[in-house]
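Multiple structures are listed underneath, in structure tokens.
Shared between the two complexes below is chain A, which has chain B as its partner in the first and chain C in the second.
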Partner chain A sequence: MRAFQILIDGFAISALYALGATGFTLIFGVSGVLNLSHGAIMVAAAVAAWAAASVLNVGTYAGALIGVAVALLTAFATYFAVVKPIQDSRRIPNEEKEIFVLTGTLLWGIMIQELIAYFFTNNAKTVLPIVEGVVEILGVRTPKNEIFTAIVCCLVIALLWLLVNRTRTGKAVLAASMNPRGVTLLGLELTNIYIVVWAIYGILAGIAGVLLGMFLGVSSYSVGPLTASAFSIVVLGGLGSVSGSLIAAFVVGYLETLTAYLVSPAYRTIPALLLLVFVMYIRPQGLLGRR
Partner chain B sequence: MAGFLTSRLFFVSLALVIIAATLPLYVSGYVLGLLTVAFYFGVFAMAWDLLFGFAGEVNFGPTFLIGVGAYTAGILNAQFGWSVYLCIVLGALASVIAGLVLALPALRVRGPYFGLTTLVAVLMLQNFIVVFADLTGGEIGLTIPDVITINAGANYWIALGFMTISAAILYGLSQSPVGLVLQASGQDPVQAGALGFNIVKHKLAAFIVSAFFSGLSGALLVFYFGTASVGTVVDVAVGVNVIVSAVLGGRRTVLGAALGAIFLIVAGEFLRPTGELATFIVSAVALLVVLFFPGGFLGAALSREARS
Partner chain C sequence: MNKALSGALRSAFGAAAASVVLAASNAAFAADPIKIGVIAEAQAIAGASIPQAAQLAADEINASGGVDGRKIEIIGYDNHSSSADSVRAFQRAVNEDKVNVVIASYISEVVLALEPWASRLKTPFVTPGAASNEISKSVHADYEKNKYTFHGYLTSAALALSVCDGAKDLLVDKLHMKTAVIMSEDAAWTKPLDVGYEECLPKVGLKVLDHIRFSPDTTDFTPIFNKIEGAKPDVIITGISHVGVQPTVQWKNQQVPIPMFGISSQATNETFGKDTNQAAEGVLYQGVSGPGVAVTPKSVPFAENFKKKFGNYPSYAGYTAYDEVYYIADAVKRAGSTEADRLVDALEKTDWEGTIGRVQFYGKDDPFTHSIKYGKGLITGLMLQWQDGKQSAVWPKDVAKVDIKFPSFIKLSN
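Let's turn to the complex of A and B:
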């Protein structure tokens, strides 16, 4: 009974983590950018969906769409206002661009977080779920919303896989992650590929954010922990490796759920952090990292 | 070093310190209190800059070192009643040990991986403090019975003197041959090693020095506040402020980091009337500096002087 409960809850959480982390790792793989405003973009999507559905009464579907659209716009703003100027800057030495992108996106994330707190307060917000009600699976009372979350996450990840491996644009993205110079030599504009990647990222982060808002609820305080969890999942799986992130997301998701059920919810994040430190010591490049 | 004693930077710094030292004669206790905190923060930022600007190690968890020093000093005083000065020394020593623990992964992994390890270290420390609430006071914080002094002027002078001495040592170190080797090993470890320098030894030294000053400053800060809490010395947000200070003031300048910290804390206070938007404005200004003046305040000033 309890085992099934852990199995089901852990799956939904893990799938959500996986979706949130895939976009993050995709951007790193293709353009070497670690986007520390990730959590802020997810929260922005969830709060926009909440505001559209609960304040403007546009309905849950339209609300979710607005949430994803807001995430897409924020992702583009992040790229054009923060990341691209730093990458193009001549005054910042190349070997220091990494730390500047980290600092810049971190500050940008704080700005988004503060704006959300200013206009929508710090209170936790739960987005109205698209499907309501409860079903019984294997003797466990499960909200339909939880099943919906898991299904949508898996579907979106499958779609992403198809996009990257089966379409021309996707193959260009894949090629850029392997060898950016080679791609430019073949006559493809690298900036266009980056824009495509940021668009994919925005949509993924948006969907993950809205689902998170329906499943657990968000507040402007969730920004930091969300970024940290995406960051640790991605490093655990190996920076830039999408399949590594998926595995790591499930490892972290289940570890957290197990700890929360069997030990205490207060210790929820500790085993995952310990595992992360352990993996970094024996295999610094992560589970499926390339370096 | 002799060149520095006759440089303009030296005279400007000296003048600033002398002006700052006379402040208690004519400004209110409120301003002094604000600057006291700012000076301790200045030491945090300078210690961070030694690791990042010179050793090239992106430490996302400055508050791991600060927090270990602060909490060790606080717990020894509050739970065991040891004397304030002994606690401060032991806090700094505990922080040095924490620095060595942090240095171990740094010698194995680089760049974002090391950055993440340090971030995880902070999160672990935070969890540890909350879990062992009996010892640490948990989320509410630890009340510390003893303080160094309750005189606002004396506290201010202690902080100013501490910051000035730390700045002199850290700046001197950064300009010394050791600092140059550190800078070389941060920028190209392979080549620095090929030239016959022991990179491991130098990096360990950088971690020890950085940890010592972070811990000492953290311990002094808790005895000034009379309380140690996650929100003031451990939280990731505090670490972010330290990093932003250093980048804002000008990385690789050491002294700029202290300027950045003082600016950040004073600006935060000036913006208090804007209420919740204060953090937004400070972050926006910091982002603009990062984007348009990547050298920071002192970096921009120094490069202008070098050009003229």
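Let's turn to the complex of A and C:
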């Protein structure tokens, strides 16, 4: 009974982590950007979905779509207002650009967080679930919303796989992550590829944010922990490796759930962080890292 | 010019000048406002009502002529729920903005950080919403030093008593419940609360089966509810303030069949319904007042005026902050001064019927020195329940408007 409970709850949370981390790792893989405003973008999506559905009463589906749209816009804003100017700058030496991008996106994330707290308070918001009610699975009373979350996450990740491996645009993205110079030699505009990647990222982060808002709820305080969890999952899986991130997401998700059930909910995140330190020690490139 | 004449002229001139100066300084004294610094969590559900309610009280007092002709001026500071920001705000309020009194915060950690500053800067300080027993215990332990701090809200010990008194009538006598699990967040104010719960729940007839304390950072409450369900209690007794929306929504989404009863600070604010998408339905919480509840003749007019001005009903800390501005004004009037020690003396003698009941403070010899007195005829608190998207009083009988009822997923075991 408890084993099934852990199996079911762990799956939903892991799938959500996987979705959140996939976009994050994709951006790094293709453009070398570690986007520390990741958590802020997810929270913006969830709060926008909440505001649209609960304050403006546009309905659950429209609310969710608005949430994803807001994430997409915020992702573009992050790229055009923060990342691109730093990358294009001639005054910043190339070897320092990474650290500028880190700092820039971190500050950008804090700005978004404070804006959300200012306009919507720092109390948690929860997005009205698209499906309500509960079902019994293997004797475990499971909210339908939890199953919905898991299914959507898996579907979106599958779609992403198809996009990357089966379409021309996707193949260009994949190529850019392997060798950016080679792609430009083939006559593809690297900037266009970046825009595509940021669009994919915005949609992924938006869906993850809205689902998180439905499943657990978010507040402006979630910004830091969400960025940190995506960051540790991606580092654990190997920076830039999508499949590594997927595996790491499930490892972290289940480790947290096991701890919460078997030890104490208060120590939930500790074993996963210890594992991260341990992996860094014996395998600095992460589980499936390339470098 | 004749010397005598010039001397007379000069002295007349001098007298006139002196009287002008005197009159001016008198006028300045009369117009000198009473400055109240309000340090609060402007971005949190419970804290946002504090500066708003204080301003409302000040506006009302000023509209009726102020205190002996002196206006009340509220100077607000947003502390971002941080102790460090609060301490800086306190220093600035006293040293630069020259406030006479400070009203601050609903978070015990913040108030405990400010208490020594009230002593150092010798500035009377009242909290509208923190609960930790330690606040007034420190005043008792070192009265001369800490006498500047007043606890304008119930201590955790009193809150536990209030919840137990309500639980006896509503849960034990009416619904024949026998067992409970305590679920509280890990914070300064819940330590004495839990001690109080452990002590008073068995006395009213509720056996405590388990006691779960969780980190205020918790986002996924599934394992917690699961553990509670495993213990099969009749009721969950809550002690939550930093969290509120997330456990409530997950309680409903997971259809946990056990009612929640106790302290849930966020539930005291009207926006809680919207923030939880009405998952709050059926939640029972302790309050000092509530919309439409005539605890005293002042309660309902205040709540309605607040709503008219700010668009929603106040949180619990709104009621207390509103009363505080009034009894501070009353104390200034009785003291005839804003001088700190005289104000402290006057505040100690407070006997003010506010929106939450009759406010008096425990004296020097009581272990909870300077905390508001709990008991019949003073402040007892009440139990409210979210019903049909609104907060309704269900206990005690003299203010109760409706009977308790639960959403369909709640399975009462008796």
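The definition used in the following text is that the second predicted complex is superposed on the first by the 291 of 291 C-alpha atoms of A that agree within 3 Å, B and C clash if a C-alpha of one lies under 4 Å from a C-alpha of the other, contacts with A are read in each partner's own complex, and residues count from 1 in each chain.
One rule holds for everything that comes next: a residue touches a chain if its C-beta (ideal position, glycine included) is under 8 Å from a C-beta of that chain, and two chains touch if they have at least 3 such contacts.
Since the structure is predicted, the reported quantities are computational estimates derived from the model, not experimental observations.
**Q** Here chain A is shared; do chain B and chain C fit on it together or clash?
**A** fit
**Q** With both complexes overlaid on chain A, does A:V134 touch chain B (first), chain C (second), both or neither?
**A** Only chain C; A:V134 stays clear of chain B.
**Q** Let me test your reading of the model: by the given contact rule, A:Q5 touches which partner, first (chain B), second (chain C), both or neither?
**A** second
**Q** So, does A:Q87 touch the first partner chain B, the second partner chain C, both, or neither?
**A** neither
**Q** Give one of first, second, both or neither to describe whether A:K125 is in contact with chain B, with chain C, with both, or with none.
**A** A:K125: touches chain C, not chain B.
**Q** Considering only the touch criterion stated at the top, classify A:A117 as touching first (chain B), second (chain C), both, or neither.
**A** After superposing on A, A:A117 lies in contact with both chain B and chain C.
**Q** Go through the superposed model and pick first if A:S222 touches only chain B, second if only chain C, both, or neither.
**A** second
**Q** Report for A:A260: first if it touches chain B alone, second if chain C alone, otherwise both or neither.
**A** second
**Q** After the two structures are laid over each other on chain A, how near do the C-alpha atoms of chain B and chain C get, in Å?
**A** Shortest inter-chain C-alpha distance (chain B to chain C): 5 Å.
**Q** Do any residues of chain A touch both chain B and chain C, and if so, which are they?
**A** 117-118, 266
**Q** Of all residues in chain A, which touch chain C in the complex?
**A** 5, 9, 13, 53-55, 117-118, 121-129, 132-134, 141, 143, 145, 216-220, 222, 225, 257, 260-261, 265-266, 268
**Q** Under the touch definition given earlier, write down the residues of chain A that touch chain B in their complex.
**A** The contact residues of chain A facing chain B are 34, 82, 85-86, 89, 91-92, 95, 98-100, 102-104, 106-108, 110-111, 114-115, 117-118, 224, 228, 231-232, 235, 239, 266-267, 269-270, 273-274, 276-277, 280-281, 284-285.
**Q** Which bits of chain B are touching chain A when the two form their complex?
**A** 52, 58, 105, 108-109, 111-113, 115-117, 119-120, 123-124, 127, 130-131, 187, 236-237, 240, 243-244, 247, 276-277, 279-280, 283-284, 286-287, 290-291, 294-295
**Q** Would you mind writing out the residues of chain C in touch with chain A in their complex?
**A** Its residues touching chain A are 43-45, 48, 81, 186, 212-215, 217-224, 226-227, 243-246, 249-250, 253-255, 266, 271, 274-277, 279.
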